[in-house]
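There are structures below to look over.
In what comes next, chain A is part of two complexes: it sits with chain B in the first one and with chain C in the second one.
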Partner chain A sequence: MSSNLARLDRRRLAALIRKEAVQIVRDPSTLLIAFVLPILLLFIFGFGVSLDANSIRVGMVVQDSSPQADSLAQAFRASPYLEIEESPAIQPLRERLVANRIRAMIVIPQEFGASIDRRAPLPIQVATDGSQPNTANFAAAYVQGIYGTWIEQQGMAHFAPTVGVNARYWWNPELKSRFFLIPGSITIVMTMIGTLLTALVVAREWERGTLEAMMATPISMTEFIASKLVPYFVLGLGSMALCTVLGIVVFGVPLRGSILALFLLASAFLVPALGLGLFISAATKNQFVASQAALFSGFLPSFLLSGFIFEISSMPKVIQMVTYLVPARYLIPPLQTVFAAGDAWGMFARNIAVMLAFGAFFFFLAYRTTRRSLD
Partner chain B sequence: MLEPVAIAKGVVKRFDALIALDGVDIAITPGEITGLVGPDAAGKTTLIRILAGLMSADEGELSVLDGAPGTSLEQLGYMPQRFGLYEDLSVIQNLELYAELRGLSTEEKPETYGRLLDFTDLARFQDRPAGKLSGGMKQKLGLACALVKTPRLLLLDEPGVGVDPISRRELWAMVKALTAEGIGVLWSTAYLDEAEKCDSVTMLNDGRLIYAGDPSGLTDRMKGRVFSAGSGTLDRRQLLAQLLDESEVLDGTIQGSSIRLLTRNEHPSLPGIHLNSLAPRLEDGFMEVLGGGPGGTSALADAYTRFDRTDAPAIEARALTKKYGNFTAANQISFTARPGQIFGLLGPNGAGKSTAFKMLCGLATPTSGTCSVAGHSLKHTGPAARQSLGYMAQKFSLYGDLSVEQNLNFFAGAYGLKKAAARNAIDKVVEIFELDSRMRTNAGVLPLGYKQRLALACAVMHEPPVLFLDEPTSGVDPVMRREFWVHINGLVSRGVCVLVTTHFMEEAEYCDDILLIYRSEQIAMGSPDELKAEAGRIAGLGDPTMEDAFIALIEASNIDTKNPRKAA
Partner chain C sequence: MGRLKAITIKEFWALLRDPKARMGLFLPPLIQLFLFSYAATLEVRNIDIGLYDMSQGRHSHELVQQLNGSPNFRRIVPINSPQELRQAVEDQRVIAAIVIEQDFDRRMARGDPADIGVVLDGRRSNAAQIVASYITRIAGGIGTQVKQLGEPESVRVTNLFNPSLDFLWFNLPSLIVMLGVITSIAITGLSISRERELGSFDQLMVSPLRVHEILIGKMIPPLCIGLLNGVIFITAAQLIFGVPFRGSYTLFISALLIFNFALIGVGMFVSSLSQTQQQAFLGSFLLTVPLIMLSGFSSPVENMPDWLQVLNHANPAMYFLPVAQGIFLKAMPLSAVVSWMWPVVLIAIVTLSASAWLFRARME
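Right, the complex of A and B next:
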């Protein structure tokens, strides 16, 4: 039967692909994942989730009545990133902080004006809500930034806090996070189609016994696998195109690179995604287990360890090492480049090569696991 | 004799510790239907998969279509148990797919499709998705897909399962017609009446070959040892229990109002019993090979509460109707079952038995009509009603990942037994069903016979006066089925009322009264003998079997209504 494995008959392959296409069209859940999910994801990431911290509610107590304290308070009030809520005492603000009504609290201490006059400024106190670390960091950074600028204006630049401020929010305050999120969403959607959907449809054939009937016909496993790859490859690219068009038209994301680069990158990423999906389905033969495996090995790493949501450089070293095993890590940076900057073929070529290498590995595993046998 | 299209000798197949096939031989002759017969888990599917090249045998010699299995797939037709149809694809698209995969030439296609659609009577439905076909139609389409390129060998894995008797008969006729073209057919089945019609049979039990050859070879041995038995004084259940304990008696079953008896010798001495000779059946031979049936005494029944046989109904349904949107799943179902009676709901798949059954045990709320169990209305005192019934679901729905002990504990709790009572009840069933050696085994890996015992134990631990059984013994071997019915007969003698749904004719014979449901309507009600008599009158049959009666009554109802519902 091993000779049988390599055969590829055009007519049988065409019949199988036609069958797959009919199934995709008739099965609402496939279309839902391929076309409705991307739209949903884009809107959630484009509008709902924003990693930009504009307009954080912050409480402020000014304990000093000097003009300097007043000027600093005015600087905070004027910031577009903070929404200041003032109070004469600390206690009510502390309660509001605990109740999650405000994200941080600034205290400008007594004698603050006098200390400026002495050119030995007292530190201002900033308390943040540590239960929301991301927002807390933003709030602290903004407060520090505003304070630093203000101190500088007072001609005391050397007293400016030396704490590093996340540059991302400074070098381009206009850059919305959705510009990062759209390339990321494309990656997620292609992972879902390539890995999850492929794993499900092959596992479904095992479960429903249709594969058993197929194996008793003269088809080869190569034909069977190819018939799964071609439609889902096309579906993945279609979905990528939909995301891109939506990104450009609805969200105003620029596409500064070429469509060819986008197409090549997406195609290269689909190879490991599909390979992983095939391997999972062959190893599990069960839709439920396959979906769990696809979520854990495909979706979650693409989501968490690819630099999509969390920056890789700010992860612990060990986790950073792990991210090298996530194919999506090699897609997101070049995609961001294609959208935001332009074509950088050297970088693209390197990433494409890595993705294809992952693909070859997964296909090897899938090939080893898929047998024309029920044993 | 013709050269066999497939031959296997000494086939052994192991799955880890389990031996699925233990030295099985089979030969499939062209132009014949070879029956592969045995209960569930006997090894039928494994053998078919090995012949189809889908599994490898651990030992044994195999030659399929003049080569190793799997090498001549062009000449093989195979229909797996679930038909292998793509449910999203239409009838014609499924045919088209298999035609392409089997390399049917373009010129042959129109003629082949026409012939197969005609043959299966599916031409009207060719654009319907396969998932929306009835069980019988799916099965015919599955067969058509296996036949797009006329094979030399056709392997059919339990084509009769889950299909009503009418469709089963049609399918049999279709396959019979194929053998005339010289195709060798292997037809696997758990139904011995189906096997009886085969040209030759290979019988498996527990992975071992127990008989191979002409079915008459097995039935002939039983000649003169099969009787219909009666006695003037005892009711048939008591008589059966008594007879089964006789050493002369190998096996006995209830057939309507009489008893069918298989004896060890040709001239049994059973004083006081009237015996009339009957023609032996394949099942008699199978029982002999398996060493005969169990005794007639049920330890379960002996230890069970005795309920008075009053005239108050144990189960009563009045004009029960269930609608799902526009679809009426059950319409105006009315009947009464009394203590000490077995009442059967009989009908093809999808006829509405399950719907009626669900309403009676409180799992579905009737759209209109009322029902009560042991005097408790399900509408007003549902919990009390449910407390007084025991329920055994199809295929023994136990918790497979829990041990026997955990299952027993769970069900004792679920039926509301308090600590001490639960302990007592569990100890009692463990002793009766000899479960003590298996208390720590997971229910999922028990042998089928123990699963059956455990499922029954779980359903009767709280000693309910009413017992609901949903296709309790389809697929199990005849010995296990006998054992089960000995318990049920014993319980009924104690005054328990049993409601059983089935499409299995054998089980129908045990009933006192049967309600026949078809297309959501009740079309006939009466004792098995009354239904047979009526069917005989309608269809002009002499001595019809239960299955003949079933088919005749359904066909008569089709003519009556003159309104064949559009298949949904």
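Right, the complex of A and C next:
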């Protein structure tokens, strides 16, 4: 490899990029990640991950034989939100709860009907499985809602609150969770291609010693790196485009902003993603370690610390601080905006600047590490 | 027996020789455990909301005070114009903004029903809905002095096993499953393909080792690492995070062992199909994602469409997740554990035999 680091010969670079592109096309695993992973992720998010519980399996014990208890039990059975499993006693249901076969149990107590007649209703009991807090909350809320409607029908309506709340959800009035899952999938796929693939591919050159062979050729360092990055940059944009088309066509997510903004944001994010991949490969020089490092520093933070599913503001202070170091954190809000709301250039520019700054930092690290290893 | 011992030692050596690889086996999972046990929460707290108060009266002040007093809200950002409101929501400085119309106070003073408007960020629909429910609850309490009939005491909710619904108690047992999937499949996935790529596979083939000895030798190190990581996690969950462990350790470790066999089977299968480490790694990653996403960690299994639930029967994490949570918090008894884990045994048998068959087929 020539000592002149900045030299860029167009023909040589083109040849190298072609070599890399052929390698990508010949290895089915690369195309698997670039095109099968996006489809898989979108389908999992589109169908498999519904954050709102729809039909929760709940046990029920009716200890009272009055018509009122019967009518309330019927209301629970009729609810589309609950799948009621009845039992004459509490103990078997408790065992089902421990075995994770039901999520909660409802007990309509003895004397319930009589208490309704006295217009002083006895409380019904709900025991949820706290080992899954989110589902437990949903189960309790559904039971409370059904009970509230029922008691109103009994003519014991609790009066309407004086202050009503008139909620309007901007950009997503139907509250489709796909609106935030599609930008999330794009982020994950681009992280995988930028960080993981690059880290693996360059680490393989180190591991097999082909990098040293490269040094003996007139190729400059910049040419070598550019030849590795350009194909993966294109691949990253390609799978982003695939996600977008699928999101629009199959899942009905709107793209209210411009395609230009979408591509600028994606390109800006690929810079730190590729830089991190390059740095990992130079620092590890081993495919196994590189894969683990890419998984733990690229994929998992993009998934968990980017604000894509989990709200950053709910995390403890220390972890909130860590999220500032995750480039994906700066991609998710503008991506959500470009899909759901439209172009907001002020916000895009700020986030693009931060992503590029991260990119510059990772490339500097990668450059220094490579330099040191080659000397 | 001597041969088996030799190949096992060789496999351990291959895995642990490189100091970076050694770190890669234990350090990342531990860091993840710390980071993600706190990060992966669907709770919505410390939120900033905007307030566009055109009424500025006694009742709207009462509302502001109530909001300020709620532990869920961190800051109430004053907003003075519709443009400012749009900007604040669009830039995600606030997730919601409350709009109080001019006549709000007058209406309240007259005893008329009055509405407040809430604009929510639909881009984050899930969090927005939770915020809306917080605001509704607080607004409902304004101006009412009379105790409501039939609410809220008429439904008495108890949360068993985790009375305060602490998310950590859910996250730690679940993370043992998630991190197990990630590490075990990756380690096994790379083992055979590495030999292929480096050319040492042929040397193995000409050695006196039998196929089953090679495979067992390749299974033991990831099995040990999976168990060791599991034990570290259980200890950390109790000592550092204070999550109670109420069940039987023997039962947990046995279930973890079975689970790891199934994961290693999956990893071996991918490994025998791959020519290069890159293929093995990407292939196992492609399997890891659905295994984790569909395990029931991010959303309940029964919410998935039927065809996906059928496919999910082949997912070992879907069975082990309730067991891990159950033994930790609910002291799940043997019978229930068996009812969940027997399909995992089947998965392990099927994947391990399939990879042995593939391995043999490739050899000839």
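The rule is simple: the second predicted complex is superposed on the first by the 272 of 375 C-alpha atoms of A that agree within 3 Å, B and C clash if a C-alpha of one lies under 4 Å from a C-alpha of the other, contacts with A are read in each partner's own complex, and residues count from 1 in each chain.
FYI, a residue touches a chain if its C-beta (ideal position, glycine included) is under 8 Å from a C-beta of that chain, and two chains touch if they have at least 3 such contacts.
None of these values were measured; they are calculated from a predicted model.
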> So, A:Thr217: does it touch chain B (first), chain C (second), both, or neither?
Replying inline: first
>> Output check: A:Gln125 vs chain B and chain C. Expected answer is one of first, second, both, neither. What do you get?
In response: second
>> Contacts for A:Leu32 in the overlay, against chain B (first) and chain C (second): which applies, first, second, both or neither?
In response: second
> On chain A, which partner's contacts cover more residues, chain B's or chain C's?
Replying inline: C
> Just chain B (first), just chain C (second), both, or neither: which does A:Lys19 touch?
Replying inline: first
>> Contacts for A:Gly209 in the overlay, against chain B (first) and chain C (second): which applies, first, second, both or neither?
In response: first
>> Contact-wise, after the overlay, does A:Leu264 reach chain B, chain C, both or neither (first, second, both, neither)?
In response: neither
> Of all the chain A residues, which ones make contact with chain B and with chain C?
Replying inline: 27
> What residues on chain C touch chain A, complex-wise?
Replying inline: 18, 20-21, 24-25, 28, 31-32, 35-36, 38-48, 63, 74, 89-92, 108, 111, 113-129, 132, 135-136, 139-144, 146, 148-163, 165-167, 169-170, 173, 182, 186, 190, 194, 274, 276-279, 281-283, 285-286, 289-290, 293-294, 298-300, 302-305, 308, 322-323, 325-326, 328-333, 336, 339-340
> Where on chain A does chain C make contact in their complex?
Replying inline: 27-30, 32-33, 36-37, 40-41, 44-45, 47-57, 83, 95, 97-100, 103, 121, 123-137, 140, 143-144, 147-148, 151-152, 156-173, 175-177, 179-180, 192, 196-197, 200-201, 204, 284, 286-289, 291-293, 295-296, 300, 304-305, 309-311, 313-316, 319, 322-323, 333, 336-337, 339-341, 344, 346-347
> Tell me, which parts of chain B touch chain A in their complex?
Replying inline: 49, 52-56, 70-71, 73-74, 76, 78-89, 93, 96-98, 100-103, 129, 145, 155
> For chain A, which residues are in contact with chain B within the complex?
Replying inline: 1, 11-12, 14-16, 18-19, 22-23, 26-27, 208-210, 212-219, 372-375
